[in-house]
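Both complexes below contain subunit A, partnered by subunit B and then by subunit C.
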Partner chain A sequence: MRLFEQIRQYNYKRALKYNETYLFFVLIVFGAGITIINPTFLSPENTFDLINSSAGTAILAIGVFLVLMSGGIDVSFTAIAISGQYIAVNVLTAAHVDNLAFAFLVSCSVGIALGAVNASLISLFKLPTLITTLGTLSMFHGGLLAFVGTKAFNTGDLPNCFKAFGQASLFTLTRPDGSMYGLSVYALILLVILIASWLILRYTMLGRGIVAIGGNREAAERAGFDIVRIQYFIYCFVGFLAGIMGIMHVSLLRYSNPNYIVGDELNVIAAVVLGGARITGGSGSLLGTMLGVAMIVILEKNLVLIGLSSYWHQFFIGLIIIVGVSITYYQNLRRTNQRVVFVKE
Partner chain B sequence: MTEKILEAKNISKAYVGVQALDSVNMDIRKGEIHCLVGENGSGKSTLIKIVAGVVKQDTGEIILNGHPYTYLHAIDSIRQGVQIIYQDLSLFPNLTVAENISLNQEIERSSKTINWNDIRSIAEKALSEIGEQLDLDEKVENISVASKQLVAISRALTQNARLIIMDEPTSSLTRDEITHLFSVITGLKTRDISTLFVSHKLSEVFEISERVSILRDGKMVGTYKTEELDNDRLIFLMTGKKIEATLYTFDEKSTKKTPLLEVLHLSKSRNFKDISFSLRKGEILGITGLLGSGRTELALALFGMYPADSGEIRIEGTPISIKSIPDAIKAGIGYLPEDRLNQGLFIEQTISTNIIVTILKKLLNRFRMVSKVKRKELVNKWVDELAIKTPSVEATAQSLSGGNQQRLVLAKWLATDPKVFIFDGPTIGVDIASKSTIHKIIRDLAESGMGIIIISDEIPEVLQNSNRVLIMYRGKIIEEITDVTSVTEDKLFSIMSGKDVNEAV
Partner chain C sequence: MVVVIIIMSAALPNKFLRVINFQSMTNQIPEFGLLAIAMMVTMITGGIDLSVVSTTNLTGVVAALILKNMITPEMASSQTFLLMASAVAAAVALSIVCGIVNGFVITRFGVPPILATLGTQGLFLGIAIIITEGHGITGFPEKFLFLGSGKVGGIPMPFIIFVIVTFLIYIFLNKTKLGLSMYMVGSNPTVARFAGVNNSNVLLKTYMMSGLLAGISSVIMISRVNSMRPGYGYAYLLQAILVVVLGGVDPYGGFGSVLGVVMGIIILQVLQSGFNILAFNPFFKKFIWGLMLLVVMIINFFVAKYKQRAKKLGVST
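Here is the complex of A and B:
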């Protein structure tokens, strides 16, 4: 409830300074436009479907958001997600275990381990984050294909626990024709992760450390933050979230292909950037990130509706990143020029 | 006897080959405002770092509140109440005022979680201790430099500071903000908190301090009561030299009546408005004004970096259009930036590369390659002419001292044969001895027939080295002083701060 309280506490002028405010209105206008073309857009069924299919992206986005906050960037998370997923599927199949908790355990462990590799390179060797994770993206995915395999698992080959998980609903509603549809448990998982991340970021010293490093690394060091420890947390946490997403992904698709997910990095990064996270670190919000994800997913699903081919999606993703980065750059430029702005026109 | 918060006894520190500090003694009394002055490289920052426990002295001891330390850890220094406010302030731009003030204390408490009510109340308390009010929820990136300084001071207070060391705190403040900062420092004094003020602006030293300690070449020249010193004496103690101040005189009849540079109704929205002035051969024109008065923006417009929106620029009577830096260079305008490290040099490149970079075309041989012979001739010429102190012209620019870097930037632009040269804050961060050399170079250039514009907020510098002064305020020229002997520094100051301006203007 604190979040809502906080939103209420914002005064009007301050709210206008927030990217989220604009994004929220854009989203409403966008949604209204789509509803005019496609009246079923706002139906519960369509909404549930959107949440279900975007929960995985949203979870990855939370991870990317944390990294961006700390002034870094991670592009290897897709490779981590698919590694977690594919290794978990292989382990479960080989060991003839049909247990979802075990699947999560394997996938998340892989995620944390690979995250730790990133963290080690970045914090101990002080390598630039973009180059490091570009490298590990390729290493992790290549390693997966070389050591674990390239064979895809069809629905029939998958342990049942995945399929059950993909279909589990929090509650169900009945269509006029009598068939059922429901809100997936994915919504709950996303909500838990979202709240946990928000609590960490806002109410723990660790979280403030992440924000502080993103703002001024040297000052954070002088203030006594343990930067190595904080970076380990960040990159392992991203790995952990990627591990969760990996299992959600296979369960929804009922198909595991070691070439999936990789390639979607920019989608997620675009959502976070669109959500207002500054690419140079230290600034942004989880609320904005979620709005950014909603925007990207809705865009992706409805392009065809507006009469554009899905190739346009890729085009827009790139555009969003360029525009998002330009805005950050422009704002910085304005800030540095602010001291010269004084003549009343 | 007054109680001493800090005593440094026989402190020596050597870095590879350099004796940074040599048996230095200094003491600071409780509630005292003490200034530490010295030229660049005199050992000021080494001494501060030793007091903070960041650097370990080779010999000697530091006594804090009566506790002697031969090996002072940073944490002990903090526990004894020593707080340093670095020049960059070490704040988090993306965090709120409240959090910036309170975060250190929260870390100190080694708490795992954050209580936002605590954060606010700690910040409120610290701000009220210095009698200030700031919007606690505003992000630090959105507040002024002066307010940032108050945030840094408040943060020091949350750590039970007994001695606050401020490293060059006034470098980016306006006059009014400095006055305000000084009142805050005086306020700390009434609460028995001592301040060690590190500065090289001598006027401020006289304004604020009770005692002054002077370092020169790693040795403590001595500690003096401020009232025992005057400006000349202090300069002498700092530099070991007598530096003569003479005014620059311009002989009107010696040059043509046609101005070298004419600026007519030049405007740039939000920066400056309707600027007109002229500059003749051999003249040194001073332009002064507060930070944000448009003085630097005007210079950058003349140099084509941020071109003006409207108005006319004429060189020797011919109207020219300056839309880019190459335009300005072609028109014969040179510029020495205020921030020489960021704007003036390729800091990692060699001295010779830096000198020739603006005139590569002139050095091409018939194969369109840079001629080595021409290159060498030119580089040596300027290194000699400007007396750049370096073992080799192939050393990197960053290996030079501040004053020499400034000369290098100058060499780079002089190589382009400019007619008009703009010096923007030519001696910022330069020590006094180099300052007078740079002033001498500027005068020599003017006497050789160049038209010079000096932009500076150091009033003595402008008055001494110009034959005419323009004062800018909020983007306009509000006053032209044709006889520099007719005004006092104080008068100029009040005009600059807009106090003598009829607001209707």
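Here is the complex of A and C:
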């Protein structure tokens, strides 16, 4: 009975103001629709598979979310991820080392170093974030292809640790025919990163600083936040996450091609803005971001199921971004217009 | 710019200063030059248009379809001409519609231009992919190719179009009321509003204009290459931004001139053909363009800082 009482007292009007609520319902309707067409959609096997393949995107999305919270934008993270992955694979093969921890170390170091390049440009020279990261995207990826190499690594050439990591499971279930499938460790990695980011954002001075810069840079500076230091943290953290994602990506695909990942920026950004994060800063939530990722991944995996060819993918991503940001910013615009006196243009 | 040309000619004495090299340069300038000017217009108002290349793709595909499917060799020349004109008109009209979509999302919903045009970038390209199912369209009527590869008095036709359009934009920005309002909105939207400028209206027209320029660029593109494939010309986006920043346009809005951007275009093209002669691989070029964009912005930062310091000193003495 108490639960019932609580549900009745819950402030629904307040919930309706949040993007996450809408997104959650859209997701449920969407999921239900797909399940009707294809009943295997909700099977544990398919769900595990979805989590497995979306963990990488989700980790990148957390990074992009942090950047958006601080009022910037980063489009170079894909180039950082592929640089981390490809350099790590190269180093491991050249040194004949077969150690996953070492691979993560190399990849994340590359990620942090490239993130620091972004941070230096953005914080020390006060350059616009979009144009800077567009420049570094081109520079990192071009540099990777020109100086490190263009040769793809096939499954046979890859160190074994990647393959083992890609197949490691938290627990396994058995199919009726006797073969095994399981929930990948990727889910655990994602969960750890998610909780860590949430704690940083919510309970540390650094995290509050990120939100404060996004809300009002000037005010944050006067309140005593060290903006240069915070921006270094943000972009290095994005690089670090991209490094992790790079290793996860190669382990899952068992194939390393220096032309992969780059070009998927829009998917990740779409997921984040769909989750309600505003580029003008200071608002949005990690929960929304995760819902956004779920939405994008489910859409991507099930386009064919709905009866549309994969050619529609790009179109839907664009449409989602446009509709998502329009709703978020329109709410904002209406709120400010109510306060401002000279609304008539 | 002069320095770059001298260095290039000194480094490559036999190849660089040849008429044919300059002719091929004037062939390539118009496509990304028009995109750069489209980018400049939006940057003057403090925005950015990331969808220019996608607009080019979409309009190019539509024009290409009209040319490919409606014109048959047996047609009378007047009828062919009419259809060709309508293909160009359709491309231009559609590009303006693309611009209106951008402008509408930005002004009516208050979405920052970065996100709005990032979304339409995917949207327009997506439509182009759906229409063509990812395939390229090739082989247009020979007369249509004149626009892209014909010559009038030794000067390539696209270059003539480019010069005319650039001149019109120059006049527009410097001599009309709307042009002035664009600078005002870019340097300070609030002040512009109080000065009686209709900000939304100005922004809408700005994005219409950048769409239009992208449309003209697409017509030149399809007739020069004689084919259209969605996804063509994606390197132009970075190059257009590079050129605009190189030309002294302030990405935060309010400053920039057509003349500066034209200088930027010429510098980039000179470097480009220099790289081609040196046979750099495309990845290395990608690296260089990114690096150059960043270096130019850092230099601009120091120049602005130096100017500010000089001004302060002037006041104190």
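Observations, loosely collected:
Keep this in mind: the second predicted complex is superposed on the first by the 326 of 345 C-alpha atoms of A that agree within 3 Å, B and C clash if a C-alpha of one lies under 4 Å from a C-alpha of the other, contacts with A are read in each partner's own complex, and residues count from 1 in each chain.
Note that in this section a contact is a pair of C-beta atoms (placed from the backbone, for glycine too) under 8 Å apart; a residue touches a chain by one contact, two chains touch by 3 or more.
What you see is a predicted model; the values in this text were computed from it and never measured.
In the superposition on chain A, contact is made by A:219 with subunit B only, not with subunit C. In the superposed model, A:269 lies in contact with subunit C only, and not with subunit B.
More residues of subunit A are touched by C (comparison of subunit B with subunit C). Residue contacts after overlaying the shared chain place A:128 against subunit C, while subunit B stays out of touching range.
In the superposition on chain A, A:211 makes contact with subunit B only, not with subunit C.
In the superposition on chain A, A:329 contacts subunit C only, with no contact to subunit B. When the two complexes are overlaid on their common chain A, residue A:318 makes contact with subunit C while staying clear of subunit B.
In the overlay built on the shared chain, the residue A:25 is in contact with neither subunit B nor subunit C.
Overlap of the subunit B and subunit C contact sets on subunit A: residues 342, 345. For subunit A in complex with subunit C, the residues that touch the partner chain are 73, 121, 125-128, 130-132, 134-147, 150, 266, 269-270, 273, 279-280, 309, 311-322, 325-326, 329-330, 332-333, 342, 345.
By the touch criterion given at the top, residues 202-208, 211-212, 214-216, 218-220, 222-225, 281-283, 335, 339-343, 345 of subunit A touch subunit B in their complex. Across the complex, subunit B meets subunit A through its residues 88, 90-95, 99, 103-104, 106-108, 111-114, 141, 269-273, 291-292, 294, 296-297, 474-475. Those residues of subunit C whose C-beta lies close enough to touch subunit A in the complex are 48, 105, 108-112, 114-116, 118-127, 129-130, 133-134, 193, 198-200, 237-238, 241-242, 245, 251-252, 281, 283-291, 293-294, 297-298, 301.
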